[in-house]
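Per-chain residue numbering starts at 1, and chain names A, B, C and D are given in the order in which the chains are listed.
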Amino acid sequence: MTTHVLRIDCPDEKGLVYKITGVLFHAGYNVISNQEFVDAPTRHFYMRTAFAGRSATDSLVDDLQRVLPPKASVRLTVAAPQPIVVLATKEPHCVGDLLLRHAYGELPAEIRAVVSNYSTLAPLAEKFGIPFHAVPHENRDRRTHEAELIDAIGPYEPEYLVLAKYMRILSPEFVAQYPERIINIHHSFLPAFVGARPYHQAFERGVKIIGATAHIVTDDLDTGPIIAQGVQSVDHSHTAADMAQAGRDIEKIVLAKAVRLVLEERVFLHHNRAIVFE
Amino acid sequence: MTTHVLRIDCPDEKGLVYKITGVLFHAGYNVISNQEFVDAPTRHFYMRTAFAGRSATDSLVDDLQRVLPPKASVRLTVAAPQPIVVLATKEPHCVGDLLLRHAYGELPAEIRAVVSNYSTLAPLAEKFGIPFHAVPHENRDRRTHEAELIDAIGPYEPEYLVLAKYMRILSPEFVAQYPERIINIHHSFLPAFVGARPYHQAFERGVKIIGATAHIVTDDLDTGPIIAQGVQSVDHSHTAADMAQAGRDIEKIVLAKAVRLVLEERVFLHHNRAIVFE
Amino acid sequence: MTTHVLRIDCPDEKGLVYKITGVLFHAGYNVISNQEFVDAPTRHFYMRTAFAGRSATDSLVDDLQRVLPPKASVRLTVAAPQPIVVLATKEPHCVGDLLLRHAYGELPAEIRAVVSNYSTLAPLAEKFGIPFHAVPHENRDRRTHEAELIDAIGPYEPEYLVLAKYMRILSPEFVAQYPERIINIHHSFLPAFVGARPYHQAFERGVKIIGATAHIVTDDLDTGPIIAQGVQSVDHSHTAADMAQAGRDIEKIVLAKAVRLVLEERVFLHHNRAIVFE
Amino acid sequence: MTTHVLRIDCPDEKGLVYKITGVLFHAGYNVISNQEFVDAPTRHFYMRTAFAGRSATDSLVDDLQRVLPPKASVRLTVAAPQPIVVLATKEPHCVGDLLLRHAYGELPAEIRAVVSNYSTLAPLAEKFGIPFHAVPHENRDRRTHEAELIDAIGPYEPEYLVLAKYMRILSPEFVAQYPERIINIHHSFLPAFVGARPYHQAFERGVKIIGATAHIVTDDLDTGPIIAQGVQSVDHSHTAADMAQAGRDIEKIVLAKAVRLVLEERVFLHHNRAIVFE
């Protein structure tokens, strides 16, 4: 018995759920969970179905394509941990939290390596027995640095990259190597406090709530579709440093949640929105 | 074109979604939204479907019953405001909030009357042009009082009763008149701080978070299936009165949310749990 | 016995709390609560003290000024409801919530009038017996309209103006009439989603949390110091209209909280930040 | 220059803040922050003051005692990381989170050892170079086991014990060894879901919000004064296992917060309530 995850999105039309579930029913599969959503403004249909039975073959996808509109996107995977590479810079809180969860089976991921533009976090990765690569960005241009990053990452064949406080902007060319497959954690709500030292900006502005946003990295926008967000209350007695500490707590929880949602194939992207079946 | 809401629950078996959506597809209906859930421990299936098309007849329910297991529960309604009667005692915050929302079309309900064991809230109901009935509980036993309540409520033929801080316990006999059709707001999380003066108890205990719980009233338990809950942070500087004020803000928001969820036919009850399709 | 609220802010120096409490102690007053804060970056001192005793005279302020630095700001008030005028446009949820709280003693304010650029809300104000003035903005320039607003508001001698979804921008000249005395509720977090149709923007962006911000209106920025903020979770299944409804629930709670904090003299402004002693 | 933390609690009387700040002022100290609170029902006064200057001697405490009521409790400490021992059982999430924060300077604590009734977590402590002691509870009575625990803990001379999911009940005799100096994390709101398998209870009850509570361990109650609480929304689609995972995320954040608050000397206990100066 294998558990599969089927993801379909296509223009909406009458009878889609009936037709899709019909293919699974006639193939003898048992649906475990099923979520659909039609985005009304764009009339686009999304469906995620987990089902169990004998190991599925390509002919199942063919059968599904036959009952779906021509432009349908169909993705069929087996439910299993997916390989990832984690990118970071110097801050340990998100990397450390992912490594801990990974070590104790709390993440549907296999962390194959940690890659950083500094060597600061090497001891942390080593504690958990995960390969670490320092790929310094200094004294080389962006193109060269990114080529070196890709050389370091490539052999691990990750399904997703997770930016766990990786503090450098990635070029569209880099992102194009992992299209819709890079997850980032942003230090704040989006859109809000763009640029450097966001917690200083939040402090100066006297905000009463701070937050963190996990999103997919796209090349046409500095921030892509939002996967998960979290918040925490603060007040005037919080210094910028206190806000940053509170921010770190939210960042690590929100990033771990987003990694789980994406790796469990619960996220669909549509333009700049994410449909998330929690 | 009519919008219908179909609710089905039954023991789970293979192909249910396929069979149900097949009946709707062949009858020419357009599914607007569809939510299913299978409770794994009990292997019970729940489905809520909104669909549009010509006005449905009983034969549609017959067609559905034919493809469903023998014990299936099927409920088909037209999406429309449902008639309710609001019961209260002396506190105005929940009743006032419901009356305001009702007056401005924010509630999928038609409030036909406010009934109370005191006359305190009569001026509030009158402001909004809603009939008010004082049915005092003093100098009569519970059975007599509840018979008088039912006399006051009955002519309004409510689909649901909403207890908006009605501070008296209802007998199983009364509840049996409106089975699974009474919504209550409770002053706290459940289970927690049972009995009188809950915010004084919360204060004595030094809690850091207070909450409110909206639930369906059942006769075998003082508190039934939970529909919605909300919270707010407090600290040692909040007196019991401050906590009660914070509590009122949560109570009115949570009750209004629960009323909307129930009246839009989004809630299924299973033993002491509620399945809520938000 | 009168309860007084004393607010002091001045450049920080050694011994301020000692000197201030000394004046109150020697004058025979009993301190009920005391909150201080020193903003480290600017070395500025803030203190709010509630104290009880015989009715205080100007000589107490003189005594305080004698022990404080030359530039100290001292404000001494008697704890009592303060007169306000509420400005609104067409939406009823914030005005209605304030009127309900006012009617039942939940607000430390005396609402003297509701003023709007439309007549939509006249029946709502009338339900609660509060004077209503429609001051239409059509067919006149901003200067003329604001002069008419001030004519309508002036006779009520409000201590504060509360913008309860007043959807027009106020000129610096208008704001200067009520410096640091106008409270506004903003439809979102700040900074975020500026401009029209914020919930459509939030929907397009696929946010997972929406919020509301209450702030003081200043003339040099479209949004001034933040008093209170609130949030609520949403997901892809929320339409822009659903988000707006969720937003209304937060807006009314956050605005009522901000009005209470400001009117209880718990808010100090410093540049674009608010120090809020909750 | 040393930073000190002064904590005073005593029956309230007129002029306490004046007298206390007077002693510090005349001794030449600079107050950095100052928080007071008078619990109205019990008329008890609490004050926490951080101040800087030359290293304080016992004569400062004598000077303070002279101006305070006879029964005043005065505690003067230097602001510095305090030694702790962490107790755990088998679950890694809270211990791991504390070890990570400790390794990166996010905790005002020096973790001297991890002690457990199993050896499961030995590799985790070793990763971070922290001594680990397995003190099995099997095949011995509670008194013997607790004596062995105290033997293991004692040499580390901890100021506080932190129970990071230590799943055994401690006897009053054990607690008396560390009076008001044991911090625990509880799997749920209090009071709620006492006994085994709390997340199964929460699931059965269909709760919509789960939480965690950090508290001081006292011997007269199974749960003592509450230091911090946190919450997270769940719904019917969360299995008991999902709720437990969500619970773990809250537990580790809330426990870390409570440890920081207690070790920074921000918590006063009064009967079964905690006054927490955040």
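We adopt the following convention: a residue touches a chain if its C-beta (ideal position, glycine included) is under 8 Å from a C-beta of that chain, and two chains touch if they have at least 3 such contacts.
Just so it is clear, the structure is predicted and the values come from calculations on it, not from any experiment.
A.B. asks: Between chain pairs A-C and C-D, which one is joined by a greater number of C-beta pairs in contact?
C.D. replies: Counting C-beta pairs in contact, A-C comes out ahead.
A.B. asks: Centre-to-centre on C-alpha atoms, which chain is most distant from subunit C?
C.D. replies: Between subunit C and every other chain, the largest centroid distance is to A.
A.B. asks: Measuring centre to centre with CA averages, how many angstrom lie between subunit C and subunit D?
C.D. replies: Here the centre of subunit D sits 37 Å away from the centre of subunit C.
A.B. asks: What whole-number Å value describes the gap between the mean CA coordinates of subunit A and subunit C?
C.D. replies: Chain centroid spacing, subunit A to subunit C, equals 40 Å.
A.B. asks: Can you pull out the residues of subunit D that are in contact with at least two other chains?
C.D. replies: Touching at least two other chains: 37, 237, 278.
A.B. asks: What part of subunit D is in contact with subunit C in the complex they form?
C.D. replies: Checking each residue of subunit D against subunit C gives 14-15, 17-18, 21-22, 24-25, 30-38, 233.
A.B. asks: Once bound in the complex, which stretches of subunit A touch subunit D?
C.D. replies: So the residues of subunit A touching subunit D come out as 33, 92-93, 96-97, 100, 103-104, 106, 124, 127-128, 237, 245, 248-249, 253, 256, 278.
A.B. asks: Considering the complex alone, what residue numbers of subunit C touch subunit A?
C.D. replies: Touch list, subunit C to subunit A: 37, 39-40, 189-193, 204-209, 211, 225-231, 235-237, 239, 272-276, 278.
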